[in-house]
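Next up is a structure, given as structure tokens.
Labels run A, B, C, D, E, F, G and H following the written order; every chain starts at residue 1.
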């Protein structure tokens, strides 16, 4: 079956889930796919949970939002709850390892899931700012339909001007991506490698 | 057949056709009929021809305007033209005698009509202000369904406060009504005397 | 001007009083503004079937043109009888060159 | 008040600095307004998952309450350590009797 | 055929549509005479667009030999601003009553003033909603009886007459021209309007002219009472004169602030 | 259980809805603190109706222990005027942003001012349309970059910042209270708001208070830049202070004209 | 409240605008908010003359937007408040009516239709049907009465207040310029004496008790953050709307069963339709007449069986198919052919209707 | 005009709002007038960034009323002018659009529907169908395109300018918040290179020549004194509207003949409908798909035969029956039963549509 991937990402305003979605779909677009990405938006976004809906397919995507994701990413306490509605029996739930208790409470034990110690890695090994790039890497790894190069180019398009100013930033991002990718590719199962 | 009278009155702004319609329908209402009166109105009335649509019936009247009048009254050059659309083969056209040429030009010779020298009478015998009351009298006379008393009472209701201030005014109006009535009742033919 | 209006022309005092009955609506604004009270009601009927105005009721016209100025309908044109041309500006404002086109 | 907020209470200089992390959004407005620069970032995360503030960074607190005044979220309450009660008006405005209801 | 004496209408008046549609004694005719003279004086007939509001001003839709748009109640200024922004070479005149200007269209007036739109706005202040039959307008005088203040305008309940030019003068940037004239002084009124047109032509800013005007129909006045009400009652409340001219020094608060601010 | 120290919120604040929904560093929170204190001080909680506009002010719909109506963009003042006319014993507060007040709702502001409606209007001036993501507002400073002035506000094309209190002061009848405060001076702002509420309670007339306020989100400023923009840039353009107090002598042009006029 | 404006039954000969003012007085309306527009002006004229005598209030607003939103304020405050407008004013009024629809506010608006679109004419039309029934960015959760005579104008203005306050949907009386300006006989009455109980008007704000302590504060929302929240609110409103629909729907029919041509009309045009049908019947033509008194909710249950048994349907209206669209949408599934006699902005006489019927048979 | 904004075909991955801005640039739009509202804001943001580079103009107005009337001014001046709005802004925009309808002005408005009524949500809906097609006090003499993808958004924004200037009816592109905010691949192109000729925009005022001497002045009316005058004007407009209807109407259908269930949708929802129908077909269900690209004029001639041969019709929309009403009114006379899957303000997925279809068979 052709690739037809549905990913919902949920997090707090500052956690950068929309950037992850944007870079991921950008990369997929340049790799020849038909991605569709839509953020949630509302009058009270400032304080609310931010959700990104991503679909990547070989044919044009139909509806912009979906009921159940193939992958759902939850990056905060509130996001774990908010994302509940997009999680079905087949969904792979990706979450920050620090949220394990929340996940257990909300989803019980049976949920197919992947705990990623992204916060910890970001804080310790890297930098809190690239927390979301680790998640991006995880998604690239888990889905396996993109080359890392596609994603690096997308990162470049997005942050090129910043990288130019501060080359260490580039290196930091690439490392974060790599870390996430390795974590994710261990669980390659959702997408179909092309 | 029950009374079902359609009268259109057309004149210049200052000629008082709306007052005629108002007093006539007021009188008819108090005499137990079901009158309906509607003025034309528009954004450019100031300079335009003023038209009053009057219907008097024993049962409630249906549509507020009508296509063809039983009686059409035209009191100025422009009114003679403007009233054309309401005049059918059966219509009695009432007009001020001074407009005879206009009427002939617009309606030809065949139109059933009644020329009333109201302007002349008003100017000479009475007063220009009661020109329209003469016309009112003519209509009462021609239609024959109202007692003069009904109309006098309606006049009283309309102008009572003015009559009180200046009793000669009352007398003037009554005389005008009488003069018109006499002119009209000679041509009693349209309404049905009750 | 492709439309022509017929004046009633009356010489009075210092003025030639042109009144265009097809324009005069009989509002009487001019009567009130005439400093010499020369304007009054005429027998002739105007645009709305009401009497128009005419000079010759009070003192003779001094050709001040106040009536012409205030008439909302441009129904009055006052010419001076002193022989000056007919092209006085309506509102006595200086003519600008642009007007000549 | 049926809702209770847990404070982080720090005694510093002349003030007892109560900070309510559930209210603090980490905007930093208070930091800029502190005349003695005592306020700085803490490790604790607040309402929006960003660091809250704490005293003790610059000179000791003089209990001027400027930080309390400007905090848009009522996340700071400064008590004076001189033993005066806990009921100081927020904005140092005189209390009106109507408030006692 | 000898040409007889002809009415001395401004050239830009359209003789074919005269007598115009306004009532006997209506001040609109005088304001439009002043406007016509001003257009003649500036020689801008070919590039002037006239927009009339809904209100008695709508009756001027075929008044001039000018391209004319009869717009919508209160919306004449936006329509003309839309034209001006699209074709700055045109001269646009927005003509309306006080209801259109100060009530339903007040947001447009305020915004055009603060934007300093290049438009010449002429407001005919006759203290009533005339076209609709004489209701209270924003400009109705205290105590004045109208169809919706049948016992006289009660200032406690309905406030005071709106001061349009004062409002515009308070907020318009430097370069604005703001004046109040009256049909009782046609020469002055024409000068104000002409200055207002020049202000636009020279790109200096908004021009706003209020004209105190008569409405004998809704005032129910004869000629003498009409003049008295206009010259005594109205002028007492609404002072005639120029409120802002483009030459003046801009007020302190309107000065240019250096072009910075938060980064985008 | 010992009661720990609790936040010193105004009594009328609703603790259950805190932290409120405004962004970190948003001036709305400070203005609403000043308002809360003023309501507390006057003891009018039971009879105060709070109406918030659409704009970031809408986020205050559950802010207070006050009967509150989240209205429609620009229409808060009419809604509250409607309430006040129906039930004069209530105290009504109309709370909105500068876009709601000076752009889409300007006709209501102008009209309530000239009618001297008994309403207390608080306008949060943050120089942008904040809720919609930072477009130019009527109050955007010259040169300021916004989403619709990406190259900086060009005064030639878009005019100067709207001066709201100056506008209201120019036309409001005697009895009006008009002031401009700032979140940089909360005590003063609270006093202005309190006076504004008193003005309504005492039936003297309209009360209009503009509050200079911060929007770090759309300004994209950190705390230091936020204060600088507010206290330096904005205050330079928008002078803080009282513009009209009810005690002052009415201006000559606003004097009572004897209650006559044309007959009805 | 001061003395009653009407006691007993009072026959009168007056204009429709005067009837509306009297009806609002009789209904105990507390306050009118309004902005001048022809042909509704005289409603305000009469109201401002009479209101002070009966301790009612009036506010002239700066535009119809404000008239709508001040009316919203009046009903929020718990007062029987109303406004009146027409044409372009009705267009502007939709902004506030959308809010009333969203927040379930019992506003009452009298519309006196005039020619459209835009300024068009000040005279008459039935072109505001769609606007009044479905205006705004909502789903038409409104009650719309279309009276046909002065007697009905009086009755339905009173009823409008009651339906509004009972069901909490914005309610309209859809008149027209003819009805506004024409004089005809009417019987005015005091609703109580006729056994009509006026619904109690409960305030939505300014309730007794200290909010947050003695009671919950009223926190009335007009906007939601999530699609799902809005959907829930709308679903509840729609359910309540549909539940009350059959209770509220009203119609009138005459010799409508098995009609060769069933003439369908509303408002003042229905008078011509009825007169035409009567005349046709006298002339032996099997014509029938159906009239929708409520346009929202549309009396589909009453019309459907009649329409299904008719040979032809003829929709007659002074608009270009606005009623016809409603009829066709409501009767979808029937095969009875429909024609329209559509005269946007023009009055319609019985003779015209009769001719149109004849052309179908 | 300065350099062309687009040469050749350009593939891109962007939001719908950005697509609209590019489309307007590509179409040679001269000026945009606008007032901020979510979800259309970014159209203005992109336009204000790009316009100066291509010598186009922008005016931010004080409200949507002004945005509508300045757009009217722009087209009167002979410029390809447009605006964009949504929800409550669309409600206010109707005042100017009624004038455009009355005076036959080629305004172009991009609508990005959000939840209604009133402020409701800033997100998404299809609840502005009736408002956009029939808003104001007129007769819906408008052209309304409902695109479903970014490619179509681009195409129909360009087409909207051409239809407006060719037929002189106010023209709308009815998008929605989803289309505005979502990113998907799109191909941008220069219309000329595709053989699309942009209609010439002729000014209605400010023409060359001294008015009254060298030519007649343009005296454009928005109001008439007599019913008959208005009727004449409307009759002419209606005739011209109906004459162009079949030329302008557009639709899309897939496996729609003799469908067991014919799914009818418009806009972004039609994507879910089509996907569902494809899946159903694969699953052996005889489903069909019809989509109205123009909502005004409605492609009734295309739909009617398909609908008559279907066993069931299922209208799917993010509104409470606005499309369904249009469908039923247009198809009156058919007996094919109609159901609605109506979700006001909610997105609709293919799975939901498939379930709804299954529930019918």
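Here are some notes:
One rule holds in what follows: a contact is a pair of C-beta atoms (placed from the backbone, for glycine too) under 8 Å apart; a residue touches a chain by one contact, two chains touch by 3 or more.
Just so it is clear, the model here is predicted, and its values are computed rather than measured.
By the document's definition of touch, common neighbours of chain B and chain H comprise E, G.
Minimum number of contact steps separating chain D from chain F: 1. Counting only chains that touch, the fewest steps needed to get from chain A to chain H is 1.
Separating the CA-averaged centres of chain C and chain G is a span of 54 Å.
Per-chain CA centroids place chain F at a distance of 38 Å from chain G. The centroid of the Cα atoms in chain C and the matching centroid in chain E are 26 Å apart.
Centroids of chain A and chain G (each the mean of its C-alpha atoms) stand 54 Å apart.
Multi-chain contact residues, meaning those touching two or more other chains, occur in chain C at positions 48, 50, 101. Residue positions 19, 22-23, 45, 54, 58, 70, 72, 103-104, 106-107, 110-111, 131, 138, 147, 150, 158 of chain F each touch two or more of the other chains. The set of chain H residues that touch two or more partner chains comprises 38, 62-63, 88, 95, 99, 118-119, 121-123, 210, 222-226, 347. Looking at which chains touch one another, you get A-D, A-F, A-G, A-H, B-C, B-E, B-G, B-H, C-E, D-F, E-F, E-G, E-H, F-G, F-H, G-H. Of all residues in chain D, those touching chain A in their complex are 48-50. By the touch criterion stated above, chain F contacts chain D in their complex at residues 3-11, 13, 15-16, 18-20, 22-30, 33-34, 37, 40-45, 183-184, 186-187, 190-191, 194, 214, 216, 222-224, 226-227. On chain A, the positions that touch chain G within their shared complex are 42-45, 48.
Within the complex, the chain H residues that touch chain A are 13, 38-39, 121-123, 149, 177-179, 181-185, 268-269, 271-272, 274-275, 347-352.
Across the complex, chain A meets chain H through its residues 22, 25-26, 29-30, 34-43, 60-67.
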